[in-house]
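What follows is a pair of complexes built around subunit A, which joins subunit B in one and subunit C in the other.
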Partner chain A sequence: MTGAGARSAPLPLLVPALVALAFLVIPLAGLILRAPWGSFWEILHGSQAGEALKLSLWTSSVATAISLVVGVPLAWVLARTDFPGLRLVRALVTLPLVLPPVVGGVALLLVFGRNGLVGQYLDQWFGITIPFSPTAVVMAETFVAMPFLVVTVEGALRSADRGFEEAAATLGARRMTVFRRVTLPLVMPSLGAGAVLCWARALGEFGATITFAGSFPGRTQTMPIAVYYALETDPDAAILLSLVLLLVSVIVLVTLRDKWLRGGSTP
Partner chain B sequence: MSVPELGLVADAVVTRGAFTLRAEVTAAPGEVLAVLGPNGSGKSTLLAAIAGLTPLAGGRISLGGVTLDDADSGTFVEAAQRPVGFVFQSYRLFPHLSVLDNVAFSPRARGLGRAQARAVAAGWLRRLGLADLARRRPADLSGGQAQRVALGRALAGDPELLLLDEPLSALDARTRLEVQAELKRHLTDFAGPCLLVTHDPLEALVLADRLLVLEHGRVVQEGTPAEVARRPATEYVARLVGLNLYAGTADGARVVLEGGGSFVVPDHDERGEVLVALRPSAVVVSTSQPDVSSVRNTWPATITGLTLLTDRVRLDLEGEPSALVDVTPAAVAELGLDAGQRVWLSAKATELEVYGQTHPAEPLNAFDG
Partner chain C sequence: MRRLAVTVVAGIVGLAMAGCASDGPDAGSGGTAGGTASGSGASALSGDITVLAAASLTDSFTTIGQQFEAANPAVTVTFGFAGSSALATQIISGAPADVFASASAKNMDAVVAAGAAADPTTFATNVMAIAVPPANPGKVTGVSSLAGADVTTALCQPQVPCGATAEKVFANAKVAVQPVTLEPDVKAVLSKVQLGEVDAGMVYVTDVLAAGDKVRGVEIPADVNASTSYPIAALTSSANAAAAAAFVDYVLSPDGASVLTAAGFQQP
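Right, the complex of A and B next:
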């Protein structure tokens, strides 16, 4: 809010605006003010907080990697091919964006649970049980976060200048070469932004994870879940973990501002 | 073309929405064929079909006797497999690659290793005088440099056919002349057939051995630059080469014009529907009626516009027939010419070029003159 803008704003708009701003900022300020700064390292190393942080970091990174490997090709198919039911598929891909995460968790449990559609065979034939394991954490995070990557990259592919791909074809590049050497580098800024967004969403994932993976410290208890439980037993740890998540979010925001401006607005 | 199988032979039917291109095009090895036409005439569509970016809806395209696309038999060689170099209108240099890697792209895509491909590219950059720019990104190039890099990139794949889509249109006037002279040299060196799309008649005259004019997706005229410049087949071509063009019905020494009026012409025993071309500078303007003679055409007309060209004034005149006439600025001052004024025009019969309509598929009156 610039000084000139604030001064010229009429009161009926200015007052609610300030209320909204305060509502958004004060809780975060409170978090920083109440933080046990003195015992920062003790808490992070001593309690389960450190383990939760570690688990969260690697599961969300694996979820992002999986999303890149299968999500980017999906984005390409949605952006570059045409088949009956394309619109339906696109709607299905974006559904997890608006679906309450807990519903995603229930759905995963129904399919991959021990008595689930797929889970029962995994259990009978291979002795594999997914729910309440780190694998389940990764799956829950991937389910919720991958659409962010797919939607971002698909948008970039749609707005990308097809002329470069045509030029590459006339220069003798087959379709896979065109994808690798021209398409992918051209959407790289958006791909980076999508990956960061996907990773941040995976890191903050709570509902689907706790439903499908539970909350076993050191095994499936990710940071957001640890925060939730620590609030009752160890409030200082909860505050500290919240601060770590806040810091990550700020970093992501700063990173994305750059990426969005370069990759999102101009193809 | 007497041995068309050696070069490009295209009988292309391409549909894009409501637009249909239907063109027969041949180009011999070493020949530069300029494809002229107004916007939306199908020039770029023709190139896209030859390059394999747009499949044919009908007809056939072959290069050096090899079929690239045949709508009837279903043969379609993918763009990547066609030995065709394409210089795009906006160049389409890959923004994320250096100049060297842009030029190395085709050798690499066609199977060379990275080092070998770069060596080939470096050779082309030297030949085009671009060696200093090898490490630059396309964004850091001037228009003329980007044009040369685009040409180098197309040639580095060792194509058998070169397609250029308005290669100079993105350049300012001064750079254009310089690059045009250089482009002419490289096109002369190129052994295969070359198609050059342009809407600049001067570019076509300078660079091409032969012209082909497209209008509304059809070939309306084909010939050497001299032929086309002397006997334009349509209003569009006539405007390009700066001539007045009239359609009419000839009966020996007299042509009755479609839009009104008539001309006395040299009697070459032409009969039936003909075209009459008249240079704007061959018409004399006077304020009073000149002596009527049997070898001169005289008719009244009203000045509707005056435009100052570099060393003369072009008059727009309405009459039977209407005409564009070039006079000197001195004449405008002496005769006190101005818009709305009634004057007399005269032209010698021998200045009129009378010829039959070569492409009856597109009659002249289909165009609003």
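Right, the complex of A and C next:
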């Protein structure tokens, strides 16, 4: 029996593992080491960082809320029903996960832009233009982040114990009551994990947002876009903004911990 | 089965992380700058050069590049077009390139100050114009129209030459314009106008000409218009100094000047 523990990992596996670890960790360490810690607060106050941070925080929260309201029912339909084409629908729902985000932005522009499939009627009949507004930011972020939530919750629903739901039905509960009182609490941990993932993904969105919503400080310039432009004008602010995003990511990972690594569905 | 599903989900999510990691416009990603420096004489030039040029030079420099390659068959020219401020940042951070053509002296000065270029020469100037969609939904007739509350305008970011020059135009005309978006370079502004997403965009006259009938141009009177000058320089870290210098000379030559004038640039 081979002994457990990293000490007895075979060298051909240990060396590439260390290379991978170094590659992932050194850039993050570099970010921390090169940060202008001395002028931290003045830079954060002086630049447009505060506006970008506020905008990013509330748009990703709204995107997550929307994803919860429509994404959880979608996950339920995918997990608990059956109809011809279910697999195709599931694949389509997962598509934004692998689609390059800027492609998503172009697609949104072509549909909801002023001359878009849907957007032209919104503009002509209601005078509503979506691009270049915070609404567009929320839509772009929802488009890329909702699939995270749907996939996580669907996985949890499919592997949850149906026995509890069946017992509740036998005791006379209507279907919506079963959903509310049994199913949801059963998958609550995965729902929480999915929501956190969704929020973090929405916070970091760049390609779809900059294509569909453009960039204007305070209105549509989210943190990642602010970092991108700050690199050209004020590199110190760019580094500090990046650190804030790094901190948020670390907090997200710590919150998810085992849930994330195990894809956990056990309540 | 559950493990498989979990692995697949993790794999998809991992792919997605990779997908979002490669976000962001990637400017100046032309070919490699390697190439043997030639001996003597223009016809003996060979190798590859990478030219990083302002977005507004896209069409004219592509033509100049083709003519240069025709005159020097052993040389391959690769272009990277983007906002001059983005290009300057990349060059200062060590991006491999041979020639830099900027849409403003300010970005070139930053590159020279960092020691990445020397002896820039101004080869053209450009003035601004308003680009509107062919149907002119915003009924734009001049710079003052842009200040209207229901006219949506796209500008370049202020650190990009077209954004800085637009600010000068607005200062000259004494109007305050609230744009709906600040784009990374002038071609991005032009494409927003082409798509009909904005009522107007501040671009150069050369961009209006280059877009043909996809946009309409609204002229800006000379007394409020502002101009920007375009310097060009070979980069000190160029691996093919001879070809780089030859390209700079070609741009400054009458052949290069005629291409630029045909595109709407003015001679300095």
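Observations
The working rule: the second predicted complex is superposed on the first by the 243 of 267 C-alpha atoms of A that agree within 3 Å, B and C clash if a C-alpha of one lies under 4 Å from a C-alpha of the other, contacts with A are read in each partner's own complex, and residues count from 1 in each chain.
Everything that follows uses one rule, which is that contacts are C-beta pairs under 8 Å (C-beta built on N, C-alpha and C of every residue); 3 or more make two chains touch, one makes a residue touch a chain.
Remember, predicted model here, so these are calculated numbers, not experimental data.
When both complexes are superposed on subunit A, subunit B and subunit C end up sitting side by side without clashing.
When the shared chain is aligned, no partner comes close enough to touch A:189: not subunit B, not subunit C. When the two structures are aligned on the shared chain, A:181 is found in touch with subunit B, with no touch to subunit C. Legend: residue contacts after superposition of the two complexes on their common chain; A:158 is shown touching subunit C, with no touch to subunit B. With both structures placed on the common chain, the touch criterion links A:104 to neither subunit B nor subunit C.
Looking at the shared chain after the overlay, A:113 reaches subunit C, while subunit B stays out of its contact range.
Of the two partner chains, neither subunit B nor subunit C is touched by A:134.
With both complexes superposed, C is the one of subunit B and subunit C in contact with more subunit A residues.
Once the two complexes are overlaid on the shared chain, A:171 sits against subunit B while remaining clear of subunit C. Our summary of the superposed model lists a minimum C-alpha distance of 21 Å between subunit B and subunit C. Comparing the two complexes, no residue of subunit A contacts subunit B in one case and subunit C in the other. By the touch rule above, subunit B contacts subunit A in their complex via residues 51-53, 78-82, 84-86, 88, 90, 92, 94-97, 105-106, 109-110, 153-154, 157. Subunit C contributes residues 2, 5-6, 9-10, 12-13, 15-16, 19-20, 22-24, 85-86, 88-89, 152, 154, 157, 159, 179-184, 192, 195-198 to its touches with subunit A in the complex. Within the complex formed with subunit B, the residues of subunit A that make contact are 161, 163-164, 166-175, 177, 181-182, 185-186, 188. If you check the complex, the residues on subunit A that touch subunit C are 94, 97-102, 109, 113-115, 129, 131-132, 144, 148, 151-152, 155, 158-159, 197, 201, 204-207, 213-217, 220-221, 224, 228-229, 231-233, 262-263, 265.
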